[in-house]
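In what follows, chain A forms one complex with chain B and a second complex with chain C.
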Partner chain A sequence: MINLSLTVFTAATIWGVFYFVPPAEGLGGLVRIAFFHIPVAWVSVLAFFLSAWWAFRYLQTSRLSYDSISSRSAAMGFVFCLCATISGAVFAKLTWGAYWNWDPRQITIFILLFIYGAYFALRSSIVDRAVKAKLSAIYSLFSCVAVPFLVFVIPRYYFSLHPEPLLNKNGSIQMDSVMLLVLLICLCNITCIFFRVLYRRKNVIDE
Partner chain B sequence: MQTMSSSFHRTMLVVQKEIKTECRSYYAMSALFMFSLTTLTAISMSIGNLQLTPQLLAVLLWIILFFSAMTGLSRVFLQEQVSGTIQTLRAYSDAQPILFGKFIYNFLLLNILTLFLLPLFVIVLNVDIYHPLLLLLIFFMGNAGIAMITTLIASMIIYTQMQNALFTVLSFPLILPIFLFCIQLTEAVFVPDTFMLQQPLVFIFIYDLVMIGIASILFDYIWYD
Partner chain C sequence: MNKRHVFILVLIVLVGGYSMYEFSASLNPYITIRKVKVSHSTVQVKGHLVKDEASIMYDAQHMLHFNLMDETGELLAVSYAGEKPRDFERATDVVVIGKYENQQFHADKILMKCPSKYQKEGTL
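Showing the complex of A and B:
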């Protein structure tokens, strides 16, 4: 039932993006990439913080179920982060003329990918289940403190070609209201997909 | 108040112990110094007489320092594990003096390395430094953050299988913010009429503080089973 309604919701969202959103000034149809890119980037950061939250819960309680959900959230986050990187690179190629030019935003997303990669390298190199859970929880929390600096501070310092984030310095939203509505629906949709996949096997968690 | 002074005392004892074991073998020192020397030589030989821009110089300097740090700084905990003294250390003290003792030792080591590397860098690559005090301040603050991050990561990797490779992989993303801002600041030191870059300095300072704080909290979980 949940799957069906989510599928319908996703189909409706895709329809909305392609038939409802007006072409943007200067970007034309390319603006539609943003309706994938922004939600996916948002979810990759959300997944990261959720993973850190469950890591924190694991350190408090030492229950392995927290560790498995934390690592699954990180795995999902990694996939979403990859999607955000690729869709961003394609957008960059089509608008700025190069896939990759170490724009501040690209630096931060790359570091996020790197942290995820390091996290899984750490997990795979420890045999003992409890030690694995503990150390990856610690690394997750340690790197989680660095992420706000990466995502919110570094891009503010360097000159960037990246469009202003939705929540910009002035706190004003410079977007067409139809676009904004569709974007919010996309955000909601991708977040729902994330949680659905995250909890898909809740009952078979090995304790 | 007494517990504070006693943990300070213990921290200092840990630092002393580290220095003594280092003086027995000079393992970390020789690894760090020889590595930085090798990289510096490789770079300056391959560059030849080319004049480098300030930006490139800053990048090279920090890359040498970063990779040298990666070779020697994991020793603080690896050596305890190899020689089997880690349980003794556990029995001797609670977590914080150990962490801060090893942090201070790593910090000292990095600063000595910097003081060794900088003059050579200036001589070999023909660099003009216009603001030496600012440069020392940048290195001092950058090294503090790097030392704390590497100390915590070093305490984690002793439980893993591919220790040294993992040490670099785990440290790099966390050091990167310091790395980027230090390069930006160092670049300004190599230019005569620079303007004071306060914001990045403040950023590094805050980042250092946050890292030291969170490492201190998390180390408890590593130290006590």
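Showing the complex of A and C:
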């Protein structure tokens, strides 16, 4: 039932993006990439923080199911982050003129991918389940500290070809109201998908 | 959550924050116009595009010429052998990649920062 409604919701969202979003000034139809790019980026941050939260809960309780949720959240964060990177590179090619230019934005997201890539290397290198859970929980806590710096602080501090984020310095959201509504629906949709996958088997211990 | 937990969390935040802060200095690939004039290698320069009609033009050899300006008003004359990128005049900031030689910056590549206002076409 949940899966069915989520599928319908997702289909409706995609339809909304193509049907309701007007061509944007200067960007034209390309603006639609943003309705994928922005939500997946936001949700990947959410996933990294949730991973750290369940890691913290694991350290408190030593319940292996918490470690499973933590690692699953990190994995989904990684996948969403990769989606944001790839859609961002395509967007960059179409607006700046190059897929990849080692822009501060791109460097920081690259580092983020490395940090969480190393998390999985760490996990797969330890056999003992409890040791694996403990070490990766500590690693996850350390990495989530880097997330706000990499995503929110550094790219705003340097000149970047990346456009001003929606939540910008001036605190004003510069977006057409229809676009903003569709964007919020997209965000809600992607968040629902994320939680559906994350909590699909809450008390099962993944290997 | 006891005191030990709080202490460990604070320590994690401090160590992580400090290392990111130290690391952040090496994250910027773009140099300023002032610096490019004393450099001899291939660099990436950022600047505001000077938009008056006369300064963006093609010469007889089909070279594109334009000027970039930094915050202090320092100008950089850029030449580029190639097509003008689409919507070039709309760019607020431009990054050019190339070398500075004989009072001219020879760009191999042009990247543009366009104002993304996310507004409906024709409303601005």
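Criterion: the second predicted complex is superposed on the first by the 202 of 207 C-alpha atoms of A that agree within 3 Å, B and C clash if a C-alpha of one lies under 4 Å from a C-alpha of the other, contacts with A are read in each partner's own complex, and residues count from 1 in each chain.
In the analysis below, a contact is a pair of C-beta atoms (placed from the backbone, for glycine too) under 8 Å apart; a residue touches a chain by one contact, two chains touch by 3 or more.
Just so you know, these numbers come straight off a predicted model, no measurement behind them.
A.B. asks: Have a look at chain B and chain C on chain A after the superposition and call it: clash or fit.
C.D. replies: They clash: once the shared chain is superposed, the two partners overlap in space.
A.B. asks: Does chain B (first) or chain C (second) touch A:127, or do both, or does neither?
C.D. replies: In the superposition, A:127 contacts chain B only.
A.B. asks: Quick one: classify A:135 as touching chain B (first), chain C (second), both or neither.
C.D. replies: The answer is first: A:135 touches chain B but not chain C.
A.B. asks: Just checking: does A:34 make contact with chain B only, chain C only, both, or neither of them? Give me first, second, both or neither.
C.D. replies: After superposing on A, A:34 lies in contact with chain C but is clear of chain B.
A.B. asks: Any idea whether chain B or chain C touches more of chain A?
C.D. replies: The partner with more contacted residues on chain A is C.
A.B. asks: Contact-wise, after the overlay, does A:145 reach chain B, chain C, both or neither (first, second, both, neither)?
C.D. replies: The answer is both, since A:145 touches chain B and chain C.
A.B. asks: After superposition on the shared chain, which partner residues are touched by A:101: those of chain B (first), chain C (second), both, or neither?
C.D. replies: second
A.B. asks: Determine, under the contact definition given at the top, whether A:115 touches first (chain B), second (chain C), both, or neither.
C.D. replies: first
A.B. asks: Superposition on A: which chain B stretch among 6-14, 96-104 or 204-212 collides with chain C?
C.D. replies: Residues of chain B that run into chain C: 204-212.
A.B. asks: Common interface residues of chain A with chain B and chain C?
C.D. replies: 59, 107, 141-142, 145-146, 149-150, 153-154, 157
A.B. asks: List the residues on chain A that touch chain C in their complex, please.
C.D. replies: 22-28, 31, 34, 56, 59-60, 95-98, 101-104, 107-108, 141-142, 145-146, 149-150, 153-154, 157-159, 161, 163-164, 174-176, 178-179
A.B. asks: Which residues, counting only chain C, touch chain A once they are in their complex?
C.D. replies: Touch residues, chain C against chain A: 1, 5, 9, 12-13, 15-17, 19-21, 24, 27-30, 44, 46, 85, 87, 90, 93, 95, 109-124.
A.B. asks: Spell out the part of chain B that touches chain A in their complex, as residue ranges.
C.D. replies: For this pair, the touching residues of chain B are 152, 156, 159-162, 166, 169-170, 172-174, 176-177, 180-181, 199-200, 203, 207, 210-211, 214-215, 218, 221-222.
A.B. asks: Using the touch definition from the top, list the residues of chain A that touch chain B in their complex.
C.D. replies: Touching chain B: residues 59, 107, 111, 114-115, 117-118, 121-122, 125-128, 131, 134-135, 137-139, 141-143, 145-146, 149-150, 153-154, 157 of chain A.
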